[in-house]
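Look for subunit A in each of the two complexes below; its partner is subunit B in the first and subunit C in the second.
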Partner chain A sequence: MSKEKDELNDLGRFSEPALLIMISLADGPKHGYAMTEDIEQISGQRLGPGTLYGGITRLEARGWIEPLPSDDRRRPYKLTTSGHKVLKHRLAAMKSMAKIATTRLADA
Partner chain B sequence: MKPATLLRLYPRKWRDRYGDEFLALLQDSRPGFRVLVDVVVAAAREWTRVLTPTFAKFVGLYSLIWLTVLGMQAMMGLPHPLHFFAISDQGRFLGTFLWSAMVARFVDNQILDGSPAPTSKLAVQILGALENLAAIVVVYACWSVAPHLVAATPIAIMIVLSGNLFGRRPEMMRVLNQAPGWTPRPPSFTGLGLSS
Partner chain C sequence: MSSHLSHLLLFAYPPSWRRRYALELQALLETEPLTFAVVINLIGSGAGEWLRAGWRAPARPMNAKILFGLTLESAVFIWFSTMTSVSYERWLAFNAVFGLLLTGTAFVRAVAAGWLNGFLTASLAAWGFVVMLLSWIAAASDQMVQLPFDHFDVLSRGSVSGYLAGSGYREFAVASLLLAGAMTVVLALMAWAGAGVGRLANNLQEVSR
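Take a look at the complex of A and B:
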């Protein structure tokens, strides 16, 4: 198991919101409200402001996302190179898990 | 609850960094009970993030010091009531210091935004006095209700409560030293070699 994947799990309650935030930022920088809307579209769940910023705080502290300069109060964030790696690792692990689960369901 | 009020639930350091953008998001969000609960829980988690490392470190350190003191007192073979009062009296001083520190921290973080004012002095004095009163009540209640448990109860309370002592002390001293007309009381545990 990779170090990056372990670290994402270390976010505890925030690991799922953090993953959703990273997925949301995968196609380009977004500010908080845009992330909330995007995450609701892709996952069907609307993250509360506290949960969203809890995730942002932890992702920024680990250097996986970074803020961009903005004249507006709505500050956009983008994935960093290491954040990109972490996301890739996690998605690969999820893909492999989904494959195993699908095979097992078919065999049952 | 207003967005600005919700923001105040967070530690000051967090607000300094994320306050503006978080406020903008709160103003864009649909207000409701769900948002309120979400922010309250998230703010509590930010506080545990701020306090936990210091708390754990000093609970460990202070537990060790306290156990050493207890061991020394036990070896001195003091008569039971004297032994008990020696323990509880130290706890009273430490409890006062702890409360003062916690209150100063809270006032500094949530009300004054780092600008000490007489409010902090008053709050510290009031809660310090309340703590003293509570300590005396606990001591007498323990002694009269269950004499054989008198030593155990205050020890447990004091170990837990005083764990945060040194973690909060620098902030406390900073706030108190800057508050107009306030002369901080010197620490009562100089005998332990812990004063600075």
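Take a look at the complex of A and C:
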């Protein structure tokens, strides 16, 4: 398992919100409210504001997302190159895990 | 949610965090309906940020002023310990002041590494200080502890000078030197380690990027 994937796991209870935030930012920059709406649409769960900003804080500290300049109070964020790499690794791992689970279910 | 209420809820977060994220979180909160779940979510996340800030605050390296201060304190302690005209009570009082200075130094030093490191380091330092003070008090009553030298009969002689003039002078001086040195080194190490933890966390964060 790669270092980046381990680090996403190291976010503890924020690893899932962080993953959802990164997925939300995969198609372009978004601010907090847009991320909340997008995440609700793609996953069916609405992140609380504290959880959302907990995830943003940790992702920004690791350099996986970065803020963009804004005149508004609402600041948009975008995935960085390393964030893009981390997300790609994580999605590949999830895909592989889903494949194994599907095979096992079929064999059962 | 009203801007007044969202502003109040932001106080669940540490100041450093608020300086960076308060405006945008407040903008988000103003779009959210006020529910019990949102309030709990913010308070819980705020508590998490306080803990995180405690561990990850920037640390300052050990500097010459701290080393000079500790050396000076130790030198004064040793000099005071060898004075021949000081009563035992005054000497104990000086020990208390000396211990507080060392504890305070360690505390100020460790706070720079984050409040949690500061709390842990100061607790250890305070514990060390109490042990040091108790050992002298106990030795004075000659009941509770056995110090690593014999004939510690200060009270019966009435003063430190009386004791120093006795047969245990050399042992007493050596023990004082060792104790002062050990306390200085231990407190300095604890403060340094407190700062080191914060610095290490920052370094690891940099490396992981």
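FYI, the second predicted complex is superposed on the first by the 108 of 108 C-alpha atoms of A that agree within 3 Å, B and C clash if a C-alpha of one lies under 4 Å from a C-alpha of the other, contacts with A are read in each partner's own complex, and residues count from 1 in each chain.
Throughout what follows, a contact is a pair of C-beta atoms (placed from the backbone, for glycine too) under 8 Å apart; a residue touches a chain by one contact, two chains touch by 3 or more.
Only a predicted model underlies this, so the values are computations on that prediction, with no experimental measurement involved.
J.: After aligning the two structures on subunit A, examine subunit B and subunit C and state clash or fit.
T.: Overlaying the two structures gives a clash between subunit B and subunit C.
J.: Going by the contact rule set out at the top, does A:Arg62 touch subunit B (first), subunit C (second), both, or neither?
T.: After superposing on A, A:Arg62 lies in contact with subunit C but is clear of subunit B.
J.: Between subunit B and subunit C, point out the one touching more subunit A residues.
T.: C
J.: Looking at the overlay, does A:Ser82 come into contact with subunit B only (first), subunit C only (second), both, or neither?
T.: Second partner only.
J.: Applying the document's definition of touch, where does A:Gly32 land relative to subunit B and subunit C: first, second, both, or neither?
T.: both
J.: For the superposed three-chain arrangement, which subunit B stretch in 115-123, 133-141 or 187-195 runs into subunit C?
T.: The superposed arrangement places subunit B into subunit C at 187-195.
J.: From the superposed pair, tell me which subunit A residues show up as contacts to subunit B and also as contacts to subunit C.
T.: Residues 31-33, 36, 48-54, 56-57, 72-75 of subunit A touch both subunit B and subunit C.
J.: Using the touch definition up top, name the residues of subunit B that touch subunit A in the complex.
T.: 14, 18, 20-26, 28-29, 34-35, 37-43, 45-46
J.: Within their complex, state which residues of subunit A touch subunit C.
T.: 3, 7, 31-33, 36, 48-54, 56-57, 61-63, 72-75, 82
J.: Which positions of subunit C touch subunit A when the two form their complex?
T.: So the residues of subunit C touching subunit A come out as 17, 21, 23-29, 31-32, 37-38, 41-46, 48-49, 52, 205, 208-209.
J.: Which residues of subunit A touch subunit B once you look at their complex with the stated criterion?
T.: 13, 31-33, 36, 48-54, 56-57, 72-75
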